[in-house]
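There are two complexes below, and they share chain A, which is joined by chain B in the first and by chain C in the second.
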Partner chain A sequence: MARIQLENVTKRFGKVTALDGISLDIKDKEFFVLFGPAGAGKTTILNCIAGIQLPEEGVVKFDGEVVNLVDAAHRDTAMVFENYALYPQMTVYDNMASPLRSKLYKKDEEYIKNKVQEVAEMMKMENLLERLPSQLSNGQKQRVAMGRALVRSPRVYLMDEPLAHLDAKLRNSMRTELKAIQANFGTTSIYVTHDFMEAMSLGDRIAIVNKGKIVQIGTSDEIYYMPCNEFVAQLMGDPEINIVGGKLKKEGSGYFFTLNDVAERTYQLPEDQDLFRALDEAGLEDIELGIRPQNVKYSFEPKDDYTKCTVYSYESIGNKSVIVAEIGNLQLRMIAPNGLTVKIDQDIYVKLELDHAIFFNLETKEYVSRYNEAAVKALAAEQEG
Partner chain B sequence: MAGLTIKHLYKRYDNNGKKKKGAKLNDYAVQDLNLECGQGEFIALLGPSGCGKTTTLRMTAGLETITKGEIYIGDTLVNNLHPKDRHIGLAFEDYAMYPPLTVYDNIAFNLKAKGVDKAEIDKRVREIAPLMQCDDLLDKMPVKLSGGQKQRVNIARAIIRRPELLLMDEPLSHLDGKARQAMRTEIKRLINDIKCTTVYVTHDQLEAMSLADKIAIINFGVLQQFGTPAEVYDDPVNEFVASFIGEPPMNILETTIVGDGDHFLFTFEGSDLQIKVPERYNNVVSNGFRCKMGVRPMDVLIGGPDSHGTPEKVATFENLGDERRIGVRVGETLLMLITDDETRYKAGDVIKLEVRGEKTHLFDIETGNRIRE
Partner chain C sequence: MNTASKRLGRIVQNGLLIIYAIFALFPLVWMLILSIKSDAEMYTTTFVFSPTLENYKAVLLESDYLQYMLDSLIVAGGAVIVSVVAGVPAAYALARYNFKKKEDIAFQILSFKFAPEILVVLPLFMIYQMLGIYDSYFGLIWVYQLISMPLLIWVVRGYFEDISVEIEYAAQVDGYNWYQIFFKNLIPLIKPGLVSAALLAFIFAWNCFTFPLMLGGTNVQPITVAITKFLGTDSAHYGQLAVAATISALPAIIFALCIQKHLVRGLSFGAVKG
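Moving on to the complex of A and B:
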């Protein structure tokens, strides 16, 4: 159990700055996710906490105590790696028992037996205990690797993409299982991933990491509904959010939005006083709107308020399908039900639900405001509490 | 352009006559495979790794000998034809480009090797490049390209020969999530434009579902089902297909049916959940009948306050942004449902669970085969 803090941590590898002034404050018992693209520096952050790497600048604190000079073995962390790193000659039982037989954390065999049994039950792998790693599937191996970390009660669990090696299906079901046992951890956990579904599902809070910097920290709802810039908005959600550029014009007390590329289309923005105030303050003429695919409506007949486009592609993905519509240089992704007969290049009429739009600054690509910001903030506050 | 017909195809790897450790004599990598791909059709060979899908593709390409059976491209039996005479285009997972050649020369290479004249080559490269969105890349070297760009060039190289048949083996599996999704859309678009008969190997059901006209699902070298995406999704022939297609997969639970001849219910060990058995099954089920019930997560719903659904505790709640997934324990199994509902549940909350009984499937407990009405 520990509160983990990083203050201004900078890590360089030769001329490359891997971490650039990272500051984090991870609460006791929190499940904290580090999320970002490959090469962002997520694993390096984890390694600095574990003590595997030493930062050039900044401090790492466990419960307020600086641990920079404490070596990895004495920081009392338990790690789970992407490649399971099991002992091939040992049974599952012995693999799981191994941390408790090490010099540092030695426990008697009776204790070990109970503990391994308890964790095996929780992970639903009591029937695997006698097997060798070579007799396990990849999903089972990963379960053992995780179980081996869980038999100890360290101050913090550090998990580095534990599900990344598994195929998409298994990854999804393992994620759900991990979610199911998560409540039993009762220990601060830091989890690295590049899969947005894992981040959204598992994290009490998520830190978005990119190019060695923290881009945003928040709950899954904050990050999904109020991304601090377009980069974050695009990371969360599949299919990716639509970003449409246009001109903003104030007339009287109302706002009008004209889509670029489709000059004849002007939309009056639905009223939202908080949003309009934020737009007044920002005073932007050029703006980009982020609209999620589920907030684009379509029709195959002309309809009021709908804009004519052509179908660029139609992909059925099982329980739903994705239509990409094209107008000028703009492509719009939208979610549709299954079983439609859609032909490529046919006409389609599209409406953007502007009352779900997220507003971004065209120049900086940063978040300006969104509809119902107050409601999103309330939701986030409720989750934190 | 031509169709592809595969008749009673078998493949056995005999390791130069030595018996592989643990292998049985009748261990076929591909076993009695029959497929028909019409002219201009796009079919996907889908299955877990090691199921024989790539072996089938390689036999079609002529890169692998055929143990038994026949492969026709158009009306021509190609069993004994040299790969170069089969008029096929190939695009593999790894791009295998010539690093010292520019993108232009890479694309043109096959035509040059065939001795096509320069003006014609140039015309065809300029024709293909915009289709694959690599017109800006033509002067670049392969090392300068991203993974997605390399795969584009790779496909351009395969289609420039105007093959009768285009064979692709996991062309997207090297790409990361975002690039993959974008490239999937591009391939869909491209095939629509060039209308080339295509066989596409993948282990990703999403790719198969979104790209193919028809999907052949293979397991342990044996064809399980061959049908349109809608058919394999809505009407799976067995438990394997049902759980392989769709994400999250179909919920499959062991059940004991109870009832009196007119009305039957699915009941589950260790749970008080009961689901109506569709009436159309009345003459195949009986009181005490044991089987497996399958239902897609989309067909499990959360009832409103006056719902008659079974009250169940939420075991897992996952907010994924675009959708929310809820898991409920039914005995040992986690029954999953997907909802767009904005409510944030916590583990332990009670929801009224409604299952669309008419959307359930029955599977044999031993064989996994569909039990039909």
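Moving on to the complex of A and C:
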């Protein structure tokens, strides 16, 4: 149990800067998720915390104490490696017992036996204990790697995509299990993933990492509703958010928005005092709106205020389906119930629910404001406690 | 047609293998036969003769043969032990750490094997004379490093490179220090490579002739050099030569049989995501 702080951590490999001035403050007992695209530096952050790699600059602190000079063995962490890193010459049981047999964390064999058994049951792999890693499937290896971390009660769990290779069903149940384990043990956990579902559901807070930098830190709702730029908005959410470019024009006290890609299609923005004030301040003319797929309404019959498009693609994904509609150069993703009969290139009428829109600066792609910003902020503040 | 041609293929295949086996084994069989012939029957080419153990008696009991064997064992065994003790850490360093001119150093080590022994033996002879290590166990073990060390380093380095570095990280996080990781986790994984490379190094050292001929003398005389003693100035005792050669081949054969299972590779596969 520990508070983990990184201050201005920079890590270079030769000429490549893997981490560029990372600062994080992970609270005690927090479930903290590092989320970002491949190669963003997530694993390097974990390695720096575990003590496997030493940062060139900056300090790593455990409970306020600088641990830069403490080696990996003495930092009292448990880590799940993305490529499992199981000991090939040892059985699953010995692999899982390994941390408890080291001089530092020595336990008697009786305790080890019970503990390994307990964790194996939790991971649903009691029947695998006698096997060698080479006799396991990838999903099983991954569970062993998790088990090896969970047998100990370290100051912090570091997990590098521990569920990536499990099948979908097991992944869901393990996700629930993990959340429960962490809540029970109350151990600080740092979890790396590139699956936004995992990030959203597991993390007390999420840090978005890109190109060796922290882009945004916040609760899942905060990041989902108030992404700090378009990159984050596109990363969080599936199907991906629609980004619609257009021109903003002020008339009287109201604002009008004209789509760039569709000639003469102009919307009057719904009234929101806070938003309009923010737009006044920004004084932007070119703007991009982020609209989540669930905020795009559609109809197969012409309706007032709906714009005519054609269907570009239609995918049914079980409990819902995704329609992509095309108008000019613009493609709009929207969520529909499944069981529809939709033909490619047929007409579809869509309406953008602008009162859920997120406003981005067209040039910098940075967040400007959104509807109901105050409510989102209040929610985030409440969640962070 | 299919089955017939398959059968024909198999017959041809096995026939060729049998011919090769005879080709490869015949000299050895002939040597064994020579060793139990008396000098009088030595040149008969029929397989009819009265077997005798006279040659074995002459070589094992009436000469210093066992002493030569012991010398060979000490020198070749010592060379392998030194190579393992120094070569495994060197291989680890070459596999894991990045330093300037790493590949050059690795190649330099390998290049020790390129030069013919006869090329370097003359200057070595003079250096050994000056250093006073001519005709000593130490001197021969040292010079044998030219033979055994490059082989061992290159084989073991490959094994270290195959082990994912995360395994070491994982062991560090589990609370082990470097020595524990090295002996508990890495050595078992490189064992197949280490054992087979050590065995090959031993055989090469055992078979080495030029170095002990020039750098050994009366004190240290490995078997390869000593065998020539059975070639007298007036007569060649082929029977005794055959005995000496047969017995000197035994240690390598015994070792090879003992560690056959380690020569099978594949232990380190499967634990790391492909």
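One rule holds for everything that comes next: the second predicted complex is superposed on the first by the 334 of 385 C-alpha atoms of A that agree within 3 Å, B and C clash if a C-alpha of one lies under 4 Å from a C-alpha of the other, contacts with A are read in each partner's own complex, and residues count from 1 in each chain.
By definition in this document, contacts are C-beta pairs under 8 Å (C-beta built on N, C-alpha and C of every residue); 3 or more make two chains touch, one makes a residue touch a chain.
Just so it is clear, the model here is predicted, and its values are computed rather than measured.
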Contacts of A:S201 with chain B and chain C, given as first, second, both or neither: first
Greater residue coverage of chain A in the superposed arrangement, chain B or chain C: B
Touched partner set for A:E315, first chain B, second chain C, both or neither: first
Touched partner set for A:F81, first chain B, second chain C, both or neither: second
First (chain B), second (chain C), both or neither touched by A:V296: neither
Chain B versus chain C as contact partner of A:D238, first or second or both or neither: first
Chain B partner contacts - residues on chain A that touch it in the complex: 37-38, 124, 167-169, 172-173, 175-177, 179-180, 183, 194-197, 200-201, 220-221, 224, 234, 236-240, 292-294, 312-319, 321-322, 324, 338-339, 344, 379, 382-383
Chain C contact footprint on chain A (complex, rising order): 47, 50-52, 71-73, 75, 77-79, 81-89, 98-99, 102-105, 132-135, 138, 141, 148, 158, 165
Residues of chain B touching chain A in the complex: 176-178, 181, 184-185, 188-189, 192, 203-206, 209-211, 229-230, 233, 244-249, 296-298, 315-322, 325, 327, 332, 334, 336, 338, 340, 344, 347
Chain C - residues contacting chain A, complex: 164, 166-167, 169-177, 180, 185, 188-189, 267-273
